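Once you scroll down, you'll see the structures, which are given as structure tokens.
Below are two complexes that have chain A in common, paired first with chain B and then with chain C.
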Partner chain A sequence: MADKPVALAQKRLMDVKLGQLPSWFGTRDFTPNGLLGSVRGGYERYYNKYINVKKGGIGGVAMFLAGYIALSYLWEYDHIKHDRWRKYH
Partner chain B sequence: MMVSFFDQFASPSYLGIPNIAVAIALPWVLYPTPPARWINNRLITIQGWFINRFTNQLMLPLNVGGHKWALLLASLMIFLITINMLGLLPYTFTPTTQLSLNMGFAVPLWLATVIIGMRNQPTIALGHLLPEGTPIPLIPVLIIIETISLLIRPLALGVRLTANLTAGHLLIQLIATAVFVLLPMMPTVAILTAAVLFLLTLLEVAVAMIQAYVFVLLLSLYLQENV
Partner chain C sequence: MLSRLVLVSGHTLKNSGSFGACLVQASRSFHQSSQSLAPVPPLPEKGGKVRHGIFPEELFTLLYPKTGVTGPYMLGTGLLLYMLSKEIYVINHETFAAASIGAVVIYGVKKFGPSVATFADKINEDKVAKAQEVKDQAMASLAQGIEDEKKEQWRVEGRHMLFDAKRNNVAMLLETNYRERLHMVTNEVKKRLDYQVELQNLHRRMEQEHMVNWVEQSVIKSITPQQVQRI
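Right, the complex of A and B next:
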């Protein structure tokens, strides 16, 4: 059965076909307000899925902190690659 | 390039964006605004309990005028304790190791307490410069000493926080390096050193919390004298 025709701008990222990806990008809102809105939307999706639940555990915060560690490692890689196990030879 | 143990404290940046900006903004993400509900989720309940207890405890010695500072002191405490604890995670950057940040907190807040005291009750504020019951010949010297002690408070506040955190991080890195280097040569010594490292990490967690608390407590003390 064929899917109902939906306008490209309203599709979520996972529903967009690969060939339509560039035009989908063109419909997104890249103004500062739009970027802020997407950040806030992402925050609320994560919060409502993992933290704002009846029996939330340590997992929600732990996943976030693990992501923060990974991000910090990525950002400091240029600096860390000079580290040696013995600092003074 | 000369690698030294102090490289971990250089303020890092990536693609022109300083990491310290993200590290400072992060505590805001971890404390969601409690909605107007009777019972909230577990995270908000725990945070609310801790903040309430702490603020209650802090406001005990302050008179009613000092209660205006409740929001400022509570948020300062939450900010410092979160930043200190996040800095103990691997590869993260601790903004409170930068003296500039800590002096930026200490000097304006201390100055505010002094100005409040001098404006509202100048006699009492100046009276703090002379402890009760001093022998008369000692009075001039003691006033000079107390003035110096007053003026050095912001420096002490800022440097205390910086030095404690910097020293802790440095010690962790030193001992960890020692463990790695000793492992192929003397495994027993390496295991003992690893035990020391474990205890040190526990100490650092405690220091992170205590230093934030001491900062805010001393500020509230200075406020109590002056408000």
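Right, the complex of A and C next:
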């Protein structure tokens, strides 16, 4: 309430209140260029936080690999469903 | 630690799309962004904190006010049990393979992590030292250039004295030349005037002698008819 008035479009996702979410979504740039820009922005943020440091740890690469594992499991889930042990859960 | 290895080998990978990292952040900024980042800010010392290798610390700080320290672990356990019981995560042959690989990887990381880290750090430090050396050499040569320039400027001040001496020399030469010619002129004029004086003397002497001769001649002539008779 005492925040200085920042335009809704420039707020980051975590600062947006729940009620403003649809309107915030409306201000996002969904053109291909905009999507590419947001992907590049996310990549740069991750890169600058975890990889491009003097003493990086295993976290940067490990998180990326874990995300890749999870995503590939998700894409393969329809195939893995057939390996289930029980029919009813 | 793996990131450090990636950093070391990164200069062979292309910058734009791949996961490779380059030690010099500035080259990436030059090619891609239009901002001017000079001087380039130094790299941060440590990356974002990550717990157990795959969970970023932000998750723990997010849950700490509401659930305390064990919150995320409880969340993790609950999620795991839910996925196992509802068979969202299915246990099959891949699970066994993943477990074996995971065990080997974790053992390798725990055992060889620090040594690889120090090795990569050393390589990085060598690169930085080389760059620093180049920079120091460049600065030293530039400072030397400044010193030489100052010396040259000091020398330029001395050139005024050189030109003054040369100007004095030339003035003296001119003066001597002038005086020589003055002497010559005086001598020549004096010679001409002496000549005229001698000429006039000669004239008067000749007139005197001639008159004397003439008077003598006329006296002798006038004596001869008369005095000869008297004597």
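We take it that the second predicted complex is superposed on the first by the 82 of 89 C-alpha atoms of A that agree within 3 Å, B and C clash if a C-alpha of one lies under 4 Å from a C-alpha of the other, contacts with A are read in each partner's own complex, and residues count from 1 in each chain.
By definition in this document, contacts are C-beta pairs under 8 Å (C-beta built on N, C-alpha and C of every residue); 3 or more make two chains touch, one makes a residue touch a chain.
Here the structure is a predicted model, which is why all the values come from computation and not from measurement.
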Scan A:Y68 for contacts with chain B and chain C and give back first, second, both or neither.
-> first
Please work out whether A:K49 is in contact with chain B alone, chain C alone, both, or neither, and reply first, second, both or neither.
-> second
So, does A:F25 touch the first partner chain B, the second partner chain C, both, or neither?
-> neither
Go through the superposed model and pick first if A:G59 touches only chain B, second if only chain C, both, or neither.
-> second
Partner chain in contact with A:K81 - chain B first, chain C second, else both or neither = second
Chain A positions touched by chain B in one structure and by chain C in the second = 47, 51-57, 60-61, 64, 73, 80, 83-86
Residue ranges of chain B in contact with chain A within the complex | 1, 3-5, 7, 10, 12, 14, 19, 22, 26, 29-30, 32, 41-43, 86, 89-93, 177, 180-181
Complex contacts: residues of chain A adjacent to chain B | 43, 47, 51-57, 60-61, 64-65, 68-69, 71-73, 75-76, 78-80, 82-87
Where on chain C is chain A touching in the complex?
-> 1-4, 6-7, 19, 21, 25, 43-50, 53-54, 56, 85-87, 89-92, 94, 109, 113, 117, 121, 124
Tell me, which parts of chain A touch chain C in their complex?
-> 47, 49-64, 66, 73, 80-81, 83-86, 89
